């Protein structure tokens, strides 16, 4: 709890949101990159079905997605039971883990689609050329794919991060709105508005806004500097 | 030695090459129309297509066995693509460094023990800067590759491929995207480098002139199959050679150019066959191949003295090919044993009474130095 | 072209038929309203169309000119506000149902041993509606305070934004028990119907969860609107409402 401009607000939702967004971005980068690569290089007609599946979170209302996550992640569900075998004792829903899992699903298309398009735009010949110059698979990824698909990665990261920061329906369902534990900033703002605490809502919104503008400016600025250096 | 049997299906197209055995010394040209499967075969040989099946060995080293493939990056090959395929995020120097940093440090004897060091990796006689100067891009090292002309890009691509010290250099129509001047300059560069560096080259083209200029050996392809593997000399000796499809029969004479004399003529040939060439193109050239269209060669029973044609060579008629639309191609043996084709009318053939074994003079109206 | 114009004319005149009422109804009352509507139609031949949604949203739509004739809120504040703003027919305000709070668990014996269950705390999470935004949440908090268990149970509480997600938390097993609406348990189509146990805290432990309705100004002189409200207050209407787990004050 801090006091700013004479208004007392808890900053906990802010930190939680940043933590969830950062973790989600990291996880989606690790999972989304191979998935997007696989989809981009896939030639079978099954690809369309998989692309549609990846895009599903765009179509499903967040509360619906949240409801299905409640079913999938419940303490007696197969996922939690499987984790019990590895000594997991907690509960997936109403926890940071649940928030991150929910956000990963919800933001999946925002990470996979830009990456997929970047990979599709990558000329295969350049990878062939690297292979004929004795570059192995990982070598090719880091020295050819990564620098050439850099914009795709940047878009994927910023969209994922921003989308997670702004999400509401899924985290509300999966998180359970527990103060100081799973109450993300979007929920906190919503609750303030619903309780007619407009000053608190404005303050939190303002901080979120300033933070987002600063981060996005930094990222795009870095991108430009890097681009100039290469070009 | 490249030995194997490869198949590769791409939609409705089926490559079914082999069993084949290609002596890779010098320059081997894969020749065929577009769609004949030459690029597909090259992708199968280099391991760039995962769907290739069959057997492949390079100097006893297994490259393909059924569906198993030795990854491209472990095949010790270099590749020059049609469009150069330079890395756009790296400078010219960056592209060359990419190859250099991944190249083996010292010459290694061939793993499978190819005969007489053939197929083994040789020490590259160049470092990065020297090679850049040799291919003519010394002043472009710090340039962005996107700012280069088509010819310059191919020069960088060739240097990049050589810097990775390949045991086999593959080139897929490296000149097809260039204008005629850049084509001529690069053709000369490739010809010279092939000899200087000594790395075996597999070269794809559908242009007969590139075959005649570069090839030691030609692999003819059509409809996804290898039709013939023969030396350039053999390929030019048969009347139905696919090389003749566009301009009719062609002869390629090998020899050396000498010093230009006081008449402004440049001698070409050897001690038994001697031609004299006019014009600035011959001056100062070190060309070793001369291209003569059969339709530019006439035959005479005696050596005409009062005639403007400069080059008269005594020949022996070796073979007369069947008449086609009133014309015949006569294969003549020169004094040094090289073959010269003359295309004359069937009427003239009968009037002169030419037959295999007959002596005659070949009058050569025009030649092209392959320079 | 002409047929299209004709089609739209039919649509417009059809939509403006005077004996069709449109009622804005709080989402939790959906099934009850449909059943009352069907009974009303069978009796009078008049059609009532329902627009379901969260009360807050419906209230906002009404104040922005949405063409509703009746408004059934999930609370009393919003109809009261409409009365103050002069948007309703005089004297039409009435409480049509009172929500009944239920402590529900699919697995724990809350019917008789509710106190022991709550005190022993053999559960990880307990779901209640958000007291800040939902009347059932406020009621649940009051019950916990009255039992002297609020502070002890606070760390285990998870909050549904309304009574619907609160029920889903319990029903899917993510929370082992929770305070839900009786109407969510007695509906024969509810996934909780006949499954688990519930306890009804005495009404004295929490402020009434009253749901009020009004006839909106545009239906002021519509006799069918008044007839539907009267039907709701008749024995037949009350019986349907009570069957769905509400009490009537």
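Here the chain labels run A, B and C in written order, and each chain numbers its own residues starting at 1.
By definition in this document, a residue touches a chain if its C-beta (ideal position, glycine included) is under 8 Å from a C-beta of that chain, and two chains touch if they have at least 3 such contacts.
Everything numeric in this text was worked out from a predicted model, so none of it was measured.
*Asks:* When the mean CA coordinate of each chain is compared with the mean CA coordinate of the whole protein, which chain is closest?
*Replies:* Chain closest to the assembly's C-alpha mean: A.
*Asks:* From the C-alpha centres, identify the chain that is farthest from chain B.
*Replies:* Following the centroid criterion, the farthest chain would be C.
*Asks:* Using Cα averages as centroids, what's the distance between chain A and chain C in whole Å?
*Replies:* For chain A versus chain C, the centre distance works out to 36 Å.
*Asks:* Between chain B and chain C, what distance separates the C-alpha centroids? Give it in angstrom.
*Replies:* Computed from C-alpha means, the inter-chain centre distance equals 86 Å.
*Asks:* On a C-alpha centroid basis, what's the spacing between chain A and chain B, in Å?
*Replies:* Distance between chain centres: 55 Å.
*Asks:* For chain B, which residues are shared contacts with two or more other chains?
*Replies:* In chain B, no residue touches two or more other chains.
*Asks:* Give the residues of chain C touching no fewer than two other chains, as numbers and ranges.
*Replies:* Chain C, residues with two or more chain partners: not present.
*Asks:* Taking the touch rule as given, give the residues of chain A at its contact with chain C in the complex, in rising order.
*Replies:* Touch residues, chain A against chain C: 63, 66-67, 70-71, 73-77, 91, 93-94, 172-173, 176-178, 182, 191, 194-195.
*Asks:* Spell out the residues on chain A that touch chain B in their complex, using ranges where they run on.
*Replies:* Checking each residue of chain A against chain B gives 123, 125-126, 128-136, 139, 143-144, 147-148, 230-231.
*Asks:* How about chain C: which of its residues touch chain A in the complex?
*Replies:* Touch list, chain C to chain A: 56, 124-125, 127, 130, 132-133, 157-161, 165, 168-169, 172-175.
*Asks:* Under the definition above, what is the set of chain B residues touching chain A in their complex?
*Replies:* Contacts found on chain B: 46-48, 71-74, 77-79, 81, 83, 85-89, 98-99, 102-103, 144, 160-161, 164, 166, 170.
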